[in-house]
Each structure stands twice: as C-alpha cells, then as structure tokens.
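Next come two complexes, and both contain subunit A; in the first it sits with subunit B, in the second with subunit C.
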Partner chain A sequence: MKKLELGFQWASSKPKLLLHRSSITTLRRYQLTAHGNCGKRKSAENWVRRSSRRNTNSSANSTRLNSELRSKQTCPKDYQTGVSLLFLLAAMAATKTRGSSFSRAVSAATPSLAPGLKCGPNGTVFLSSGIPDLDKILGGGFTLGSLVMVMEDSEAPHHMLLLRNFMSQGLIHNQPLLYASPSKDPKGFLGTLPSPASSKDDKPRDRDTDQEKGLRIAWQYKKYFGENNPNFTGHRDDKHEYCNDFDLRKPLERQFLIRQHVDCVSLQDSMNLSVLLDHCGTFLSQFPRNDNNSSITTAGRIAIQSFCAPDCGYSNMEWHMLSFIRSLKSVMRSSNAVAVLTFPPSLLSPSFCKRWQHMADTLLSVKAIPDEDRELAQLLTGYQDMVGLLNVHKIARINTQAPMILEATTFSIKLQKRRYLVLECLNQAPIDGSSGASYGTSGSCSASSKTGRLDF
Partner chain B sequence: MDQRSSNLLDEALGLDCQTDRWALAGRVVAIEDSVETSGSFILHQLVKRALAPNSSTVVLFIAFAQPFSHYDRILRKLGCNLAAQRVNNRFFFFDKLTLQCPDVDERNSPVSGLVALYGEIQETIYGLPEVSRKNVTIIIDDLSIVEVAANGSSDYVLDFLHYCHTLTSEFDCTLITLNHEDIYSSTEKPAFLLQTEYLADILIKAEPLATGLATDVHGQLTVLNKGFNHGQMNSRNKIRNFHFRVKENMVEYFYPGSRN
Partner chain C sequence: MAESVCRTLRDGGLEGEHAPALTIKDSIASPFGFDVFCHVLTQLSSFILAGKSQSRGLVLVAFCRSPSFYADLLKSKGIDVNSSNKCRVRILDCYTDPLGWKFRLMGVGNLRDLSCEASSTGILCKDVKDTNKLYSSIIELGKGLVAEAKSRFSVAIDSVDQMLRHASMSSVAGLFSNLRSHGQVSNVFWLLHSDLHEVRVTASLEYMSSMVASVEPLQQLTNGQRDDSDKASLTEQNLKKGKFHVRFKRRNGRVRVMLEEFHIEQSGISFKSASSEEVTNQGLLPKVQFSLQLSEKEQIDRSNVVLPFEHQGNGKPIQIYDGRNSLMEGKHETTSVSAGNSETNEGSGGGEIIYYRDSDDEMPDSDEDPDDDLDI
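Let's look at the complex of A and B:
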C-alpha cells in the first residue's frame, strides 16, 4: 500500500495550484514579465527556473518551457509571438476547463444563510465537504439533511482524509460537531485535524489574480478573460469563505476546538445503538428545519467513523445497525445537518452492504492504490503523486428525481505538496514512443479528461 | 392526451387505452431497481398518472423512504399538486419514516406496527365515498425499508403484503411497490424478492446500462406484463425493453438506438 502519512512530519514546501492551472499561470506570468522588454527576459527566465525548482512535481512542464525559452532567445520577435500563441492556447484551455466544471445556477430568492452554507437547486442548501474539489464534483457540496456514506478501504485510512477535512471545515465555520468513533479516546482524533492554509501560503494564488488585473500586453486576449474572470474570481472569493484549502500538515489551532461545541462519543462504550441514536437526536435538535424557507443560522455536522467496526459491541447486530442508519436518516431529513458515516464494507455481508448503500443519499468509496503497481503506473499520468482513488457512486437526490450524471466517477486522490488534498480525473498516460499528439488523443480514450488537467 | 399516450412506459402498462377505467385496477405492480439506477421516478410517474384530472383514482402513499416535502416538490415539477390533492381527499400520505416495529425479543407483538399500518390503510379505504373506493392505488416506497422497520423479519412484511394484496381483489385496488433487486442478488434463496415477484402482475426493472454511465441515457427499463392474456390485448408484447432519461419535469422513454 502506498504510504499515507497523515502526521505533520513532512518537510515544509510551498503550496501549489492544480497542475494544469499552475502551468497556465506560469505561462501567463511569464508573458507578463517578458512584456516588450528584452532586458526583463532574463528575470523571467529566472522566475521560471525558480518556480521549477519549487514545484518539483511540475518541473517537467517548467523545464520544457525553459528550453522553449532558450531556443527562442535568439529571435525575440518570434519568441514573443510564440509565447503569445502559447498564451492564447492556455487561455482557450482555461475557457474549456472552466466551462466544463460544474457550477449550479443559484436562484435569486434565497433565504439568508449563515457563512459556510450555500443555496443549491430545489430548495436545498449545501455545506462544504472541506475539500474544494469534492464540492465541485458533487455540484456544490453535501446537501443539508442528507446522509453521506463513505465505503472505507479496509487496509488504508483514506476515509480519515475525508472525515478530517469535513470536521475541520465545520469547526472553521463555527458549526457544532458530533464525532463518534470506535476508538477508546475519540477526543484525541481532534488533535489531528488539519488547519486551513494560511494566507501566506495562499499567496501564489492571490498574486496570480493581481497580475491578471494588471494585464498590459496581449490586450487583445482580454476578451478571453472577460468571460472567464467574473466566474473565476467569484468562485475564488466564494471559496475563501465557503470552503477552505486545508494544510494537512498543520494541526488545527486550539481556539477552534475550544470555542466550539464538539461532542465526542466512543462507539466502544455503547453496547446499545439507541444510546447513540438518542445522542444524535439531542444533538440534531439544535438545528430543527422549518420548510418555510426562513433563515438558517447554523448547521450541524455528524461524523461517524468505522460504524460497523468489530470492536463495537453491536457489530454483529446487522438489523440493529441498519435500523440505526434508517432512524439517523429520518432525523437528518428534518434537521439542518449533514452526517458522514464511514464503514468498511468488507465486514458486512454482501446483501447488507447493498442495503447500507441504498440507505445512503450520497455514496462515496475510497481505495488505496498499490505502491509499486507498474502496470497502473504506466497507464495513468501522475501516478507517483496519487495516494488513492475516490469513487462517486451516488449523489444525493433530495427534492428531485433527475440523477446527476458525472463525466467521470473515479477520481485520484492526491496530496499536493504533501499538504493539500486534491481530487483529479484520471488521465491516461501517453503511450511510449508516440508523438506529442497522443496527449490530445489520450483524453478521448479515457472519456473522463474533459475536466482533467492540461498536459504540455 | 395524445402526447401522453405515446409514452412507452404507459403503453407497456396498458395505460394508453382510452378507457374510463384505471387500467391498473386490481393489479399488482412491482418495481425493482439497484444502487446505480434508482427506480423511484416510476413511482412519481404513476402517482402523476393516477392523480391526472380526468381520472378519479385515490392514491394512498405509504412512504418509508422520503418525507412529504420531497415528493411534493418532485410532483409539482411534474405538474401535479400533491398538497391540493391531499385537501381533495385524493392523495393520502402515510409518513412512516420513523415507524419502528417493536423489537422481536420483546415478544409482545412484533408485527403490531405493520398490523396497525394495515388497519390504517383499510380504514382510509372504508372512509372513502363509494365511488372512489373502486379506484384506489396503494403505493409503498420502499419494501426494503419496511423490512428494516420490521427488524429483518421479512415474513411479517410478506404477511403485510399479502393482506394488502387481498385489497386488490376486494376493492380492485392497485398495489405498487418498490424494492431493490441488488440487495437480494447475493442471497441464495431470495424468498422475499421471489414472493413479491410472484405476487406481481407487472414487473418493472430499472437497470443501469451494461455499457456504463451516460448523460443522455440514464438506464433501461424491462417491463414484464404477465396479465395481458385476456381478450384483445393478446397481441401485445409481454416483455418490453427500452431506455429512459429522467428529467426534472418529465421522463423520456425510447427504444435502444432510436434516439437522434
């Protein structure tokens, strides 16, 4: 199994954007610094070099760019048009990726919502999962009143990644939290929650927007940004309050844990599930739902980890567990909260596993990927950075009958800079020995790369 | 009217006939789906057809899966106001989301919850005026949760179903149930599923496409109509298979490959 180090022992390094975005940004920035002035070109090159040193993962892109630059240095004019072309390409690609990323139209008449909540379609309200990419995939986040179930990989703790971000995001938004786990001391888990990336770490992203504003050269391409920018920046602003990027290596500050109402329950203690259900019931009674669209002041989060773990007293009472889930689901429906429940499906009999899956409103599964699977490594790009796979089986369909069909249901879980959790579409690697055009064709083969990143 | 009768599902169910009588009267419809493809949209379609302005059918909706607001919103988009129909006494909603039959080990009467539910249904039917008593549709969403509510004693659920079945012969009721096929696919003798399939006159299966997911085809329906043997209907196909695409305000049905 690929090692999943969730502690905070990694060496520090700067954060990085999504690969495709970073390469576009590099191009853009490059373009800006290189503007008209040959003297500045050197510094631009330095910049690219520096960035390539920093972004070890995307160094391939930058190096390619570097060589591009070196070859063009002799004829600045050509070089400029070359870069402009590249730039245009990047802009077009950006348009494409933007266009395909799913964003829901938000109706104008919305009830007043507390920060951290977002209106969705059909009178639903979203709450962030704590992973920006997952929110995007699910069309906005987790729906209030829904039960999210995550099928664990029985041999790897990837579900903890989802749980940690979910819980942290709630604490950041001041949302009360109920956490239940089969461990003896569930409170200890709170110490491992990640902290949002500080503003200093976020700088690269911010600077990126600043520079876009001061775009001087290639003004004729501005129109491409005209359609992009509002969406782009709006999304970003939104992201800052709705969904944070979490730095998995930095523990959450104590103040969040102290000022919050955090309930921790050990599943080992409760032989009877009715106790846990009562606990959930009293917790959820803080967030009653009234359907007449009044304001929602706060929302709750319930995180239940490894629900059917064998060390819980009730783990052999399959019907009891099932009726617990059913009762939980029905109380969820009448409250403004989201419950995330993870379970190892291998511990359930197949028919019960299906029953559990039917119970879920949103159903996800996580899977580790083998460390040295050469076949898979050849098949997928960016295999080295992947820690696992996330599968989206079902998306909550509350108040609607139309299913949401995703372009792809399998996503790779990556730890960017070993800090940030990133979900990406799987991309097929180009076949060895084929020309550069295979990048284009690989997309159509995998049928999932529309939202995927751009390879140069 | 014409536009509605071109619907493949209605055709398969015999709902396209221009008769005054509700075509499903006295019949049992079993809908089966899977995790990948939800079949609940068929329930919504049937509720909409049953509550259409030109029919006089009364719907008894026994909801174990979703609250009223969920169905209300969906049906409103389909052009049917459940709240208004509720006032008109044409739509009866039984919110059984939290119904939990007592534990089996308590031994007092494990089925009391379901018996009470049956009593409620019966009472509602008896309470109806003579005219509408002839056109009652009972819809159960969904049977797998009824099993959970009965704490796994599927025999009691079967008993409950049999009781409801007697209503179909007594009052010419329609009984429509939803269940999940894949739950039972791993069990050796899926007695519960086989029993419900045996009871059913019409079996509708919603399955995902074998070729994987698609945005313009959401799955396929297989409709097995067992009771079409009487009289002039003999010419119809017994098994029909077609694709569907679920939209907010309608469902498109089409034969495989016939979509342009």
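Let's look at the complex of A and C:
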C-alpha cells in the first residue's frame, strides 16, 4: 500500500498541499492557487473523479465528497477545495482495491441549442461571425450577450465586409436581425449580402486539417483504440454548418430575405437616441435569457453601422451616444443576442474614442493599407492579395477572469479568388539572401526612419 | 497628381456606387486651395465640353466668389458660360444674397432688383441655412442642365466653410451624402480651409470623400527654430510653391498616396512631379511573424515522405529511411531486429546463435511474440 504523506503548510494566505512525489504531478496540472476560479472547480472535480477511479475510494467518503463538491454553487474558497482534497487523499490512503463509486457523468448538462449556436467554455454560447477564420481566432465565435465593436478606417470599407458576413450568417441560420445604418434607405444594403459558397465551387481552403488521420508511426496502437471519441466524425453532415464560407460575389437568395423579416432602421432621421434604444429593446425582448439556460431556441443579431457618422443628427452629442452604448450593452447581457456596432474613431474626440473602446466586449479594428508600397511588398508575403488589416484588441470573456491571449493580434484580410474572405497571420517575406546585404541592414531590421512602425 | 485627380473625377462613378468626391483642403501656411479648386474646375469643364467625361454638365455653388468671377475665369480658359446653346455650367449663386437680407430690404426700401444678373447663368439662392432647399436647388439646376433623365452632372462647391457658418455639420454632411448617392450626380468636389474648423469637422469631410487633396507648404515653419532671415525666405518660398498631397481611396480598399509640387504663376497654377523626399506612410504593422505555416504544395510533399517504421505492409518492399537519400532506389535494407533473442537475419543465412542468460534476475520472457512489433 502506498503511503501518502500529507501535510499542510499555511503561509500567508496560500495553503499548499504537500504530497508524495507521484501525486504531485497530477495535482500540479490543476494548479490550485489561492484565488480559486469557477472554471477550475470543474477541472478539480474531474481530477478527483479520474484519480479516484484509478486509485479507488471507499463509498462513504466518496459520496460525502461528491455531495460536498456538488453543493458548492459559488466558486469555492481555496481552503475548502484543499480540505476536500485532503479528505479524498486520506480516503485513498485508507482503502484500495474496491470498485469505483465515481461514475462518469453523462454530459446531459449541455443545453439543447438551435442550429447555428455552439457551446463554449464557462457556460457561454457562441454564434458565428460569418467568417470561419474570425471564429477560429476568437475561440468559437461571438459570445451571446456580448457587444462587439468594430473600429472603422475612414479610408476603407472593410467593416462592411464584416457586417455583410455577419448579417448573412444570421439570415442563413434563421436568426432575427435588426439593421441600423445612417443611409436613408437601409433596405438597399440587404441586396449586397453574400450567399454561402455552394459545395461545387472549391472552398477557399480545405477545412479538414486532419491531424489524426490515423497514427502514422505508432500504427501498432490502433488496435488499442476501443470506443474512440466521436469528435472526428465531424458535423459536416449537418445541413446547417455552424459557419458558412460566403461567396462575396453571389447575392443572397431572396428566400432567406423573405423568410426572416429584417428590421431596418435609418439612423439619419433619429435625432433622439432613446427611440432607437426602445426599438432595440423591443427587438431583444424576443430572446430573453433564463438563468437555467436549458434551451435556447433562437438567438438574435443586431448590426449597427457607422454609429457616429456625420450625417446623423445626434453625431455631436457625444455623451448621449456613449450612454446609448452603455444601455445597449446592459440590455444585451440579459438577452440571447449579439450586437455588432461599427464606428469611425477619427470622428470622435480622443477621450470619447477611448471611452467607447472600453465599452466593447469584443473590440476589432480594420485598417487600410497603402497601395503599391514597395516596402510593404518586400516585407510581407502575399501583399498583392491583401486588401486590409484586421486587429483584434479585445475578446469577450464572460463568466471567467482568465483573459485570452492571442499569439498574433494583427491579421491580413484577403479575398481569395476575389470571393472568399480570408484572414491570415502576417508573415514576413523571406529576406533576399542573394542581395548580399548583411543581416543588420536588410529588410526590417534596418535602421531606416520607416522602421519605427514595426514592432518585434 | 492633379492629372489623376481630374481623371478620376472625369470618369465618375459606377452604377449603384457613391459618386467620387474630392476634398481640397489648405491652411494658412500654404493658402492656395482656391487656385487648385479653379484648376480642377476648369479642367473638368473642358472635359465636359469636349464630351470626354461621364458628366454632361456642371453645377457650381458659389459662396465666396461672385458668379461673374467664374464666368470670366471660364471664359479666359475658352469656356463660354453665357452662350445659351452649349452652356454646360450653371451657377447657384449663394454669394450675392445668402441670407436674403437684400431681398427683404428691397421690399422696404428702393434697392435695385438684383436677380437680373443671375438669371442667365443660374439661380439665386436666398436662404443658405436650409440645406434641404439647397439640395433641391442643386438637383433642379442639374436636371435642367442635362436634358435626359439618365445623364449625369457634376457638382462643385466653392467653399464649405461658408456653408458651415450657416448650417450645422450634420446637415451639411447629410447634403453631401445625399448628393453622392443621387443617381444623376457624377462627381462632387469642394474646397475647405482646414484651420477654420475643428479637427472633427475636417475628419468628417474626409470621411465622406473618396479623394483628399491637401495643399501643404514645402517646408513646415516651426517656431523658434530658425532665425528671422531664414524664416522670411522660407515664407517667400512657400508663397510661390508648395506640395500637393493626394490620398485616393480605391475601390479595393487600398489607399494610394501621391505627391506633387506646384508653382503659382501669373496664369494660374502648374504641377510637376515631386523632387526629393518620398511619401512617408503612417505607421502600420505591429508584429510580423515568420511564416510557420506550410503551403499546400509543401503539405503534399511532406505527406509523401515515407517515415521510418511507418506501416508499409502493402506488399511493397519495406523501406526504412536511414538519413540517406536512398529512399527511392528500392534496395532491400535489412530490417534490424532487437538484440537479445536474435535469430538469423534474412540476409545472412546459414549461422546459428546460441546464447546464455546472464543472470536469473531477469524477467522471464513474456508470452508476447516480439515479432509483433515488426511490420510484416
């Protein structure tokens, strides 16, 4: 029987468990720190279940432990987790070969979702942005209940690309849509929405990055795979894909536009933002959010384009606009919808620009690139196909305190085959070795005056 | 370049697209915006008269110069405004009586009727505060100018500063966006003095235009940097020449930046290409990474490489890559078998190996056939 040496060390407010070497490795993975996290509670539970299945446990202790862990509705304090684990480990030390009384819970807790929605970590639900690459970058899509803000560049219309894909995706999934724009006739914009690429066209990229085609070198172990996780039998058979590839040259079929009534609002006439807010409120009342989150039948989308455009009557009432955004965000939190709001930051005073950026849950910005810039062409691969740049400043993290840190925050917007919107990481072009320039002076490392903008 | 600016205006806009709009802006350091405006105006008028442009007529909204000035200007370039047959330019006169004071005084006192002057060339506008009315007058003039319903006309606005004195920014912005989206307007261009307004106003107008042409001094004067004699010569230089800097917003979303020098002469303004410094683009790229992705061709090539110990039991001779490029030769490499329980190799034939156990502590041979690991 293995001996487990347990000990507690109280140092300031960080209790640590001292364990035998073999258990430390498993515990380390779950990193119990002083400030426990709701998300970590689940992983602690899983660890408890898995390790006890290996090492077995007495039934009495296990049920008590089980109920202790389950009864915690809020984030457990660290010492409580520590104490529970202590009990568990004592129990592990006491008994051995018995049948495990922990049984794997069937994940019936996942809510039944309408097509077009996906479950995410920490109890959030995602809906697709309409651009597969953007969904991947954001970790699944736009979180339901969040406010997405896109900072436009007044020199390029790339925010329209994002909006178009977002709106089309909503119509494909039969999600109600509210669209507000400063033009007199917003309905005209609906004619420019793209249609999903049909399967007979070649998709822009093979989405099947089959990492597990089967083991190549360790092919002997295939015989040990019993019930494999059904993750790899992808959801490609579904008629409703979570995110479609949109062909920007094909307009959306009329049946989608007729099936779902799109609420169009013109911002030009509204002098008073409270009218617009009420309109949004009535729209959002169709998708209230319940606490038990059992099933979500529909989710809604709101798209507000160029919110502070100069031809809107309220465009110099900065505080009013800010309070509109604040109120919109609070209404969004209690409904199952996503709002995308685009605005040109150059038209706001700098302090308000910062305030608006802070209001966003997810903040993106698009930028134009100069045309025929030889330096950029030398610096980046694929410069010829690029139409602009997309920056991800902030990603919505609801229900968790852990931020999402991306490897890269700037992506190039390309139109593949002039049809499909593709986001790629910026990649440095190979430095031309044959030119004979030394490493210090070639390419981006040179000390020319232009390199102030590059950031390594 | 001024040439390409005029050419873009001449080509106009596509169906269903907003009309191209040009903002000409200057500042007190180099106050030649009006010269540039007149240059563009005369160029466009000559294109229209020659029939080379998309638009068939031009409506000029005159705020800061009288209509007769423009008539004289165009006449000096060979474009006759007053001839009723081929007249292609109409002027909306907002200079003579913008707020309608003289009109109202006429009724009271005994001022002469002023409307006779304007009637041949255009309409007199008496209320510039009402941008809706201004819009409808412009459209009315334009439609009167081009007879057919499908033809287009250009709109030139003398000075946006004067408009902004009387009307709010949002109404002026609304006017411009309505003009741009009107089906019959081919292009719009206007002049702005940037130091008369807040930054936001200039930014809004730039937001609404597809080309921004700024007139800048050749060298910026900075206070306290040079002594007086230098400053004087610099100012003198700035009064004769300057930089003409244009940003084009292209349809594919990229921005083209161009730079030229201009000279002010007796006859007008002349442009020539920039001599010295290049255009410096504003800062852009944060992190640029090395590409760690594989292109498609590279991925296919990688999957074709035969990895060592890969399952190759397809009947073909088994190849084990040993670091040399002898993969494709199809030599029979002997498979190496683990030591210990060695048996005769395929290639060696004939011999026998008898071994003795080293010690009894070793674990007895398991029942597993070690040959299970082999790829046979």
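Note that the second predicted complex is superposed on the first by the 287 of 456 C-alpha atoms of A that agree within 3 Å, B and C clash if a C-alpha of one lies under 4 Å from a C-alpha of the other, contacts with A are read in each partner's own complex, and residues count from 1 in each chain.
One rule holds for everything that comes next: contacts are C-beta pairs under 8 Å (C-beta built on N, C-alpha and C of every residue); 3 or more make two chains touch, one makes a residue touch a chain.
What you see is a predicted model, and the numbers here were worked out from it, not measured in a lab.
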Is A:K136 in contact with subunit B, with subunit C, with both, or with neither (first, second, both, neither)?
neither
Using the superposition on chain A described above, determine whether A:K118 touches subunit B (first), subunit C (second), both, or neither.
neither
For A:W319, select first, second, both or neither according to whether it touches subunit B, subunit C, the two together, or no partner.
first
For A:K394, decide between first (touching subunit B), second (touching subunit C), both and neither.
first
State whether A:R301 touches subunit B only (first), subunit C only (second), both chains, or neither.
neither
Please work out whether A:H159 is in contact with subunit B alone, subunit C alone, both, or neither, and reply first, second, both or neither.
neither
Now for A:T409: first (subunit B), second (subunit C), both, or neither, which partner does it touch?
both
Once the two complexes are aligned on chain A, which partner has more residues of subunit A within touching range, subunit B or subunit C?
C
Overlapping contact positions on subunit A, where the subunit C interface meets the subunit B interface:
349, 407, 409
Show me the residue ranges of subunit A that touch subunit C in the complex, using the header's touch definition.
154-158, 182-184, 216-217, 219-220, 268, 309-313, 315-316, 344, 346-349, 367-373, 376, 379-381, 387-389, 391, 407-410, 425-428, 444, 449-450, 452-456
Spell out the part of subunit A that touches subunit B in their complex, as residue ranges.
122-123, 291, 318-320, 322-323, 326-327, 330-331, 333-334, 349-351, 354-355, 357-358, 363, 393-394, 397-403, 405-407, 409
Which subunit B residues qualify as touching subunit A in the complex?
35-38, 40-41, 44, 66-67, 69-70, 73-74, 77, 97-98, 100, 144-145, 148-149, 151-152, 180, 182-187, 213-215, 218, 246-248
Can you name the residues of subunit C that touch subunit A in the complex?
168-170, 173-174, 176-178, 181, 200, 203-208, 247-250, 252-257, 280-291, 293, 307-311, 372-373
